[in-house]
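In order of appearance the chains are A, B and C, and numbering begins at 1 in each one.
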Amino acid sequence: MDYVVEMLNIRKEFPGIVANDNITLQLKKGEIHALLGENGAGKSTLMNVLFGLYQPEKGEIKVKGKTVKITSPNIANDLGIGMVHQHFMLVDTFTVTENIVLGLEPKKGLNIDMKKAEKDVQEISDRYGLKVDPKAKIADISVGMQQRVEILKTLYRGAEMLIFDEPTAVLTPQEIKELTQIFRTLIKEGKSIILITHKLKEIIEVCDRVTVIRKGVGIETLDVEGTTPTQLASLMVGREVLFKTDKKPAVPKDTVLEISKLNVKDSRGVDAVRNLDLTVRSGEIVGIAGVDGNGQSELIEAITGLKKIQSGSVKLNGKEISKYKTRKITEAGVGHIPQDRHKHGLVLDFPIGDNMVLQTYYSKPYSKYSVLNNKEINKQAKKLIQEFDVRTPSETTPARALSGGNQQKAIIGREVDRDPDLLIAAQPTRGLDVGAIEFIHKRLIEQRDNGKAVLLISFELEEILNVSDRIAVIYEGNIIAIVDPKETTEQELGLLMAGSKKKVGAE
Amino acid sequence: MFERFSRFQKILIPLISVVLGLIVGAIIMLVSGFNPIQGYAALLKGSLGESFYIGETIRQITPYIFAGLAVAFAFRTGLFNIGVEGQLLVGWVASVWVGLAFDLPKIIHLPMAILAGALAGALWAFIPGILKARLRVHEVIVTIMMNYIALHFCNYLIRFVISDEQNTTDRVPESASLKSPFFETLTEFSTMHYGIFLALAAVIIYYIILERTTTGFELRSVGFNQNASEYAGMNVNRNIVLSMLISGAFAGLGGAMEGLGTFGYGFIHGAFSGVGFDGIAVALLGGNVALGIVFAAALFGILKQGALIMPLESGVPTELVEIVIAIIIFFVASSYIIAYLLQRLKKGAK
Amino acid sequence: MKKRKFGMALSMFLAAGTVLAACGSDEAETGNEGGNGSGGEAETSEFSVAMVTDTGGVDDKSFNQSAWEGLQAFGADNGLEEGTGGYTYFQSNNDADYVTNMNTAVRNDFDLVFGVGFLLTEAIQQVAAQQTDTNFAIIDSVAEGDNVASITFKEHEGSFLVGVAAGLTTESNKIGFVGGVESDLINKFAAGFKAGVEAVNPDAEVTIEFAGDFNNASRGQQMAAAMYGSGVDVIYHAAGGTGNGVFTEAKNLKEQDPDRAVWVIGVDRDQYEEGQVGDNNVTLTSMVKRVDVAVQDVSKRAMDGDFPGGEIIEYGIQEEGIAIAESQDNLTQEILDTIADYQQQIVDGEIEVPSTLE
């Protein structure tokens, strides 16, 4: 068999844990090979071993049949291995070309030959259908484009094998489609791809074979053809997973959140939310569908008091809250699972226990006369850790040490436990694996069934369709349609999200 | 790889840095033709060898504790208070001024003078704090400039307001003095004064505010992650100003210790006292935690005090101690190197 | 995270700075090598003497250094050894060190302890009151106490003489004075200087400015640049380390245009060397304050049992405590004669040089 890369029986230990144990991954020439596993299963470690960032304790790596020792990313590059990281490594103020040639600048005398560099970049871009403007500044181009610049970077360095780390996590549905197309072109041009993901649909759609790892151990490598998402999911999680979230029909009652004629500017002073109207009633989940950057963030920030509104009104249980500060809004009964859990949701250097009382530390019983009561804080933390299955060594472990899923569970526990009348969940399952997603969806529906109002913002159409009772489509800061998830399709939503107001039937 | 140091490492790194600093110091002594054992013996004698030296060392430690607390407090809230030096100077002058201006019973006068120092320091730190909170002006720049303003402003006050065009003010009266005849007799006329008790009290207050109160919870939270703090309903700007106020108050108290204790008067400073800048090193070495600062301040006090007698006793110039301190700070600052070495050592042992 | 990195960079920077700074001043220090704790048994004399520097340090090229030279000379003359029981210095790195060093000297049984510089006035008063068995002497200031001798200088007299030199040398009739920190002491320099200029050249205009700092060479350079730029051609500095900046600026100007007339008058020591730039020299002359003479004199009197405790001793031209520098290459014989003439008049009491401005 013609393998371009073989990782044989890799074992990698970190103090206290075995991150990879006896994992074998073989990449055929011209295939898209998925590496599937839950968060913390050891996917990234394995790929970092391949990319030369870590040295394995045991095992062998072969490139094109020859045993190699990869001790640094430079060696990996020389061997034709390129990696597209989840977090891009680009200099914002540089142009596309400057970023790509960084470190390998073509020289003309002492000067950088930018003309030649631009030409080269254009050439590669055309060949793989990347449609990148070599002269554009990174800061001016979309996230999807930036990702392509990362791809170009590896190709410019002569990569034969490309590793993609969760490439779709940051993309819109449209961009995902285009990325899939790029994958195909790459394969056609003779490249091989390893795709790190936990999104089963993607695997079924684009990959040829898949290697599943669970808790650091290689489980199985199998051909994608003939497998089903359910099968892959249970391999990954190690148990049966329910896909369609089970839920009773919604019984909406009183209006909890009522937004009318809301206008909000974004941080650059451009109108982001325009004359937006929206209501959420108790006992229902309203999903907001839309492409990133259509005012979702500003809408949430306006509701939660993080951003001043220009005009309009936001009412919670009939009371105007748009002039309130964040703390007062929180106290009035709004829970908020923020979009970026590292930036907004948690103080990563705080113990997880302190994070559990991030909004309530000043009230009884967590403090009295301004003196903290650590006993009560830890008691609360223990309770939530147990109730929400947060896997952590103890409540005094820093939040940073937890995996993404467990961090998210901690946030959800904190927000749900305050029993808010309105729960805002912004991309609550972003970057999480199926097990955690299932758990979180259940919790959201549970809130609904308890008579609370839930506002869900997500870029994942599947999630929106699955969980919501009503879907509001946001486009350029306005709700342009409200649809019933039972009577719509992904295609239809996709079109609406792209700004088409007319209801179009499926093609 | 070593994203976070374990608690053990947090203690080990400064300790190793100190040892390395002393070793490098010894090597430099050897190379320059001095006897390192004699040198360090002199250093120890000159800092802890006799009751007089112990008194002087404790006196030296006092302002270091305050300066270290001031720097560390701001740092824990994510702020860099480089202006401790200036805050200390204004605290010094303010306390002496109140000490001289009023004629009151000691029980009122002394606390009032000390408080004046704290207030002045807080006020001086308030300016960079409010500029940061309102206009996002970087506090490092403002605090550095405020140091110079403080230096010349204080000199002006001493020369033209508090004294009659003199280089020094009068001595503060007994009713506002921290001087301790008891300690002075006990330590054979050292300048040790009651300030050390205030310093230790300040350490406890530092710990309580930061670790045990809701205010401290907010300050630390803002220090780690402003976005999350804002999300959680905390007033980030208020906390920035508050942090600078408290930090400045610590610094001002340090100045009051010098003004009412060590010296008992104010004088024209030709240059910075350096205590405030050393406070940055103390805070760094002490890991910004209460107990760590006490130890770091003690180390600095011992080194600086012991250095004075080194030339006489062993011929080693006092500047050597500056080198040792610099090397210790260098190693602490580059703690990643030590953490890396530790890790290699562990692997090797396995 | 960003902040932490910045903090690290900053602390590294600080650490590096301290290392360099410490290294820099360390070199000049090795002159002290001979001293060691045990070899202090004085053979020829029971008398021992120490000095405590101010924060300038013993190698300040100014009065600390001068005082130390005086002590060394005294030691050599009387067969004393450096160290305990002979002669030594204590370096103060900080204002808070004065009292400590003073006390340490007493504890090491030195019979006479000098405090060098007015910054030590309070400290010497305090310690002298406690340690009544030891004699103290303060330089450049007046301190109270029966066991304290106050050594002052008639700087105005010497400043008058260099003022004469300046007044006769200037072509632009614009003369500058750069003082360290405005104080009674520095005002003495300014007053004498101004009087000297006026005595020989009433048309000349003397600009008096203060740096506010004795240790800020860059400030000194800026002030000098402004003065030279406005047409001043002679600057007298009484500003310690700040004055080094005046020399720097003058030398820069001289280097750019060797024909240009720029002069600096040095202070405290003969600063001829500081003015050397290629084949030219910008040091017109220097007002020399013989701290070493005073230190030797007082030490001698103390050793002979004639310690002037409680007295204020003024060293002027007559006492050889004040003089014009020995390097006289840049002064014409005519000017030198005029200076000698005025010098005689001062010694004879025919001229009373003012010691305060106005």
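Structure notes:
Following the convention adopted for this analysis, contacts are C-beta pairs under 8 Å (C-beta built on N, C-alpha and C of every residue); 3 or more make two chains touch, one makes a residue touch a chain.
Just so it is clear, the structure is predicted and the values come from calculations on it, not from any experiment.
Ranked by number of C-beta pairs in contact, the top chain pair is B-C.
Centroid analysis (C-alpha atoms only) places A farthest from subunit C. With centres defined as mean CA coordinates, subunit C is found 32 Å away from subunit B.
Subunit C has its Cα centroid 70 Å from the Cα centroid of subunit A.
Subunit B has its Cα centroid 45 Å from the Cα centroid of subunit A.
Residue ranges on subunit B touching subunit A, taken from their complex, read 3-4, 212-217, 220-221, 224-225, 227-235. Remark: subunit B residues 32-33, 38, 42, 46, 50, 52, 56, 59-60, 75, 78, 80, 140, 152, 155, 159, 165, 167-168, 171, 188-191, 258, 262-263, 265, 267-271, 273-275, 277, 280-281, 284, 304-305, 307-309, 311-315, 317-320, 322-323, 325-327, 329-330, 332-334 touch subunit C in the complex.
Of all residues in subunit C, those touching subunit B in their complex are 3, 6-8, 10-12, 14-16, 18-19, 21-23, 25-26, 29-30, 32-37, 55, 83-84, 88-97, 99-101, 103-104, 107-108, 118-119, 121-122, 127, 130-131, 180-184, 212-216.
Here subunit A touches subunit B in the complex through residues 304-306, 325-330, 336, 338, 343-350, 354, 358-359, 361-362, 367, 370-372, 398, 400-401, going by the rule given at the top.
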